[in-house]
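To start, the structure under review is shown below, and the notes come after it.
Chain nomenclature is as follows: A, B, C, D, E and F, assigned in order of appearance, with residue numbering initiated at 1 for each chain independently.
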């Protein structure tokens, strides 16, 4: 059960209204790397988790992320507070209002016109939050790696936001939120390595013919060797002929069909067959002028 | 530049038509953990990457994932091939066709009716692929962790699909694709640790007051200690009073407003003020019968 | 700040595994009328709300909805628990596994293959939750009406789910959740009518020429009179000629253009002008057989 | 059957081109509270409605909303008309064109580059319209409440747009559209209350133990009493201990498993068990520098 | 202005309830090739169209498509009508209800549980309709081609649905709708070829060096010649060396940077540089067991 | 199998950083008419295609489109390269950074804050790419028309982008990409007309009663005759009475119900019946002030 205490986890002190900055901060409210994504990622893992330790940790962190959602949302709400009245009450002249919500440095018009200067669950480009952002698949050796990566991403987006504001109260609160992502990443790393072994993830071993192969698929000026394809660990295959049909077959695709399936397929093929020797007049021929003639591009 | 060789990277031999299985395999074609997501994840990282080693590796692996997209797509196409003709040609009786595309063990009706028994870029629930699945943010210490996690997830979904089929050709091809995820994870791990230091990701250090704190937000029967909150590494805060307003403030949110902003806000507040001592009759009162009376539920 | 207590708000007792029912229950977990939508709807309203009474109420109810999210999620997790192992561990035969996840009465294959028999934030059709479900606009006389409607909808979806299961523990927990929607609707109704006046919502009065008019746009057999178009309250306009251009103008659309705008528009028009007297041969003519001839349909 | 008359329902007179304003007006064309959402909401209700009176009303209003879609779309088209030529014909210098479509006060570049200065079904943030905006569930006591709320929201967004323009023709047409939402709300209210009783919505009564309870989930400075939790109507529960496990149970979640289910679950648990007493070295340890050391943030 | 006549454009006679078939028919109601997509595609083109002939045609066909939306929606509503009562009224036993909405041949559970057996604007996989389906770009020589293609697609999906039902009334109504797509395609073809020239679309001529070149990018067994790459019309380039950097340059990408830009880029590069000669221990090394060892797959 | 050569298909030379232009170019990277949509459209058609000629052509063009994706992505990456460092390294003052990413002529803040100045798969309005953009249905006479239209659209969007930049290297590369769309359209036209007949698409003939009818649904000032409704080809029906119920029936919708279905439907109808003679007091009545009274609008 969740309960709520009216004190925020971190006090929010904003120097003055700034809907443009509020808009950027939406990235961490309703954006893909934001706090709702974090909270829901861990919460949904927690309710299906049977390992008591991980379940407890996931609930601890999910709950904290909800509290962070409240902090970042409160930052947005404070930055937008001065913009709530004018549009709602229509006190200012229209031209002033129009200029204020569409001016340079302010891409907050969706937040203002559609959401009334509130804190919508969108990113800074007004894309609504979607659970497609959550990549939980229900296997802890994968999910913990996903969590580690998610914390790293959130940490970076906070860095960028911190670099964009000189409001000390906003900077300080963002710094707190950023720091907590570091701490959470540490916990998830500990939890991952408390599963032994954890690599390869899951139950099946890889096929030993292919588990240590590195296919050098991109060739030309710029080929580089490094730890990721070092021959002490990987068998590097650069020969184009050996990169295809690595099973030793002919590299084709086939399926066994019943007679009835084959017949209906032939009927479809006959109806839509392409005549390779036709010289058809086409719609483009009908509609074309002298293409490639002198034009503005040249 | 991409070029194409008609041999698949792995030969596809499917025993017989099975649109229901084809539908499940769509997870790795147009699903969130599938090969298009992998290919596009690494490709988009590659074109913005300035480090020559990582750029080369990302292009190598992106290109291989495109070749895997072709393998899994070919599996889907072969499993659906027998179903292409009947609906297109209308040769069978309607009742037979209806039964075949909606029968138990077969949730492929969207693929058949809408996509003509092809290989659509959807997951097995017919949700169209979206770039919201890609979590690249343009910082290598975060993106490489995202790649590691993505490979772990893809490996697991392949495991599950392998567990669902006894067609030896399908099983073998899926085993190859699964194994390659292991190899790619290894390469991404090497690339991450070739950046020193790589933790915490990004440039800013955390605030030392909060970087090693563990907030025990979820309490009650089921609290567990483990490496993720071990007191040798973390300062665990369980006291509810110390979990809020950790900055030492009052945990409230505030903003400086101009006089004009404050006035318009007051006008809005006055117009929509809630009378806390009202005893209003409501629409629910108008419309209610005896609520809570005896009903079917009891 | 949110905190968490490990006791659920309502004890969950599930008789036995039932992934098919779990799938249906996802409607109230990650579906449009579900508990995440409710929690986020009220939470986002709360953080931008300046009226102290409404803010408190919104936080109370948002927090309770999060606790309901946990209850419905726990129901899903329990119904899926028996399905977690087989696919992950691959212990059963493939044919058995395939039959179990695709059998009649069970449309949970996405939950199992993609989400590992967890509790994903999708609806029962596997569509990911989206913030597009939330219709908050930041004006209390509108938002409270939206909340009233949302509670009504959630109540009904719970009714339908209750009608579908005979597991007494599931039925009882769903009954609790359903009942709470009734209580919340009551509170939101009280809060709406504590604003006086609250109709029409917002600040601007309507144009008196059109505020009490009912346009009888759909005509023919089936025209009915009722309170919604009663002549004591509405002026009903059925004459087709009076339904258009109600401002008294000519019903056309026009704009003042600068000379430069007009010139470029004319250039575009000239380039793409349609020759109304042409008798063109078309691509369809090129490609057609005798259309309308005897076919299978007749 | 729908038929069309070329006269608009309201004459559109636009003073001059203004793609920036056109962009904002898209909220009511292809936005969540716009006219397509309204038209489709009522139309889809109408075709499944069996009550003759409601069916007629829903068709009347749906048809009018389609006519409103045409009015708002015509406003957008007129405001964009001057922008149609320059980009299509490439007559102006590139720098001029670039400045015009990306200048301050103009966030219409998507409309221009992608949609050719037309009227796309997106909101003002270029998010495509989605049927996820429609919350119809097929129960009239819920759907009518949804309609009432939708009309209230649309009325408010029109208010905001009216506040943003001083073009008298645009203002007047928006005023007409806004007023009609008031009239429609009245009709839907009448239709709701013509169903007796209409609260609680649906068929099942609530559980009397919980139907009049108010859980005071959010506590701290800011707790307020009001009609929504008045003790004359609600039993307020503030004691944290009484807020959990309200059924009198232990607040846990459980399910009956078959022996086979339990065994496979144990196998999965054993494979992924977390060792709570481990002191693992982690990837973060490998990759870390002195975290918490002096950094730019401090 | 749209007006409505209660007579459908085509009479709907359905033999009996069939929610499974209703679900499939949703493809043409709320699916990508369905009638809403058609109506909105032409309607949005119409309101921005300045050519009087095309504008009239687009309004004619858009209006007819709305009438088709009503016909297909009425088919869905009739097929679902028998399912409306049981779930709403809870008269049958739970097991019966559950079996009926999840049984083989019936994937309509979303329509029933979430939408109350109505006619939701989703496709048959329950994916909500999105304006992303509409590809209008505001240039008639492109839009008319898009319309021609859209009519062809809709015609085919109707064919498939006709093949799936033996209910004569459903078959006949679908046959009418299918036939109208043929007629509409003819009109759009005529309109396209009434623009002279219409190919290449738009204003700019192509670069003559590349306008008639065919790059043979996919090579191997299966290379075929046909009209699409016939040497009488196309210059076919099969030499891999001539397929890249076709401008004669080196095929690299570069940009001019300011000194300040170059410096900050170098700082970022230094911080995240990859050490190509490192032999790092990785997280995978820490967490691995003997990979490639004997496993279940072999 | 795909393989990669590090030379681009067209050399990319960008004069200088320009994130605002990069943002516009995203339309052809991750937008609906962009290169990923093109590549995936043809690739997915190819893997299900059985006709050897079309399969080869689709693979040739799909592969080239992937190479174009790389070219346009490289343009975006170069235009953004100068912006990569400042935000990542936080070297500049906050106010400078804020101004640069939100300034007039630059709507790239999502690309910078969320995606680190990379090349995300979104359009220029930050909407993530979705497979809903792909309209393949698995019937060649429809799919080839879709491809023809798609190439026409892409050609036009390139035209618009070319008109917006005076950077000669960008202009030249865009000109190459635009030209290739012309060439591809030609090939698809040839392939369509190599199928004989190809109209009407598919197998079923239309119903001759309706295949040559033009319903004049939109009437009033502005009715135009043209080739699309010329009486030599079409039977034009303008009489409103003949436009409805064209089958000769009564234009109603009906279904056969079982007794049990009818009974439960009646129970639902009785519960929710609307009383057409009621004069109910409504929530709006409770909450209203004098509507239509003097207000700001007048």
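As a working rule, a residue touches a chain if its C-beta (ideal position, glycine included) is under 8 Å from a C-beta of that chain, and two chains touch if they have at least 3 such contacts.
Which chain is which protein? Per UniProt: A, B, C, D, E, F = Manganese catalase family protein.
Note that the structure is predicted; figures quoted are calculated from it, not measured.
The minimum number of touch steps linking subunit B to subunit D comes to 1. Legend: contact pairs of E-F compared by residue number with A-B, C-F or B-D; the interface matching in over half of them is A-B. Here subunit A and subunit C face each other with the same set of residues for the most part; over half of the interface numbers are shared between them. As a whole-number value, the distance joining the C-alpha centres of subunit A and subunit E reads 23 Å. Annotation for subunit B: residues touching 2 or more other chains are 1-9, 32-33, 50, 53, 59-60, 62-63, 67, 74, 77, 81, 84, 86, 88-90, 104, 107, 114, 116, 122, 125-128, 130, 132, 137, 139, 141, 148, 156-157, 159, 162, 175, 178, 182, 185-186, 190-196, 199-200, 202-204, 206-207, 211-212, 217-218, 222-227, 230, 240, 243-244, 251, 265, 271, 274-276, 278, 280-286, 291, 296-297. On the subunit E side of its complex with subunit A, the touching residues are 141, 192-193, 195-200, 203-208, 211-212, 221, 224-227, 230, 232, 252, 274-280, 283-284, 286-289, 291-298.
Subunit D makes touch with subunit E in their complex at residues 1-9, 30, 36, 40, 43-45, 47-48, 50, 59-60, 62-63, 66-67, 69-70, 73-74, 76-77, 80-81, 84, 88-90, 114-122, 128-132, 134, 136-139, 202-204, 280-283, 286.
Of all the residues in subunit C, the ones that touch subunit B in their complex are 1-7, 50-51, 53-54, 86-88, 90, 93-95, 97-99, 101-104, 107, 109-110, 112-114, 116, 122, 125-128, 139-141, 148, 162, 175, 178, 182, 185-186, 189-196, 203, 296. Within the complex, the subunit A residues that touch subunit F are 20-21, 24, 27, 31-33, 90, 104-107, 123-127, 156-157, 159-166, 217-223, 240, 243-244, 251, 265, 269, 271-276, 278, 280-285, 291, 297.
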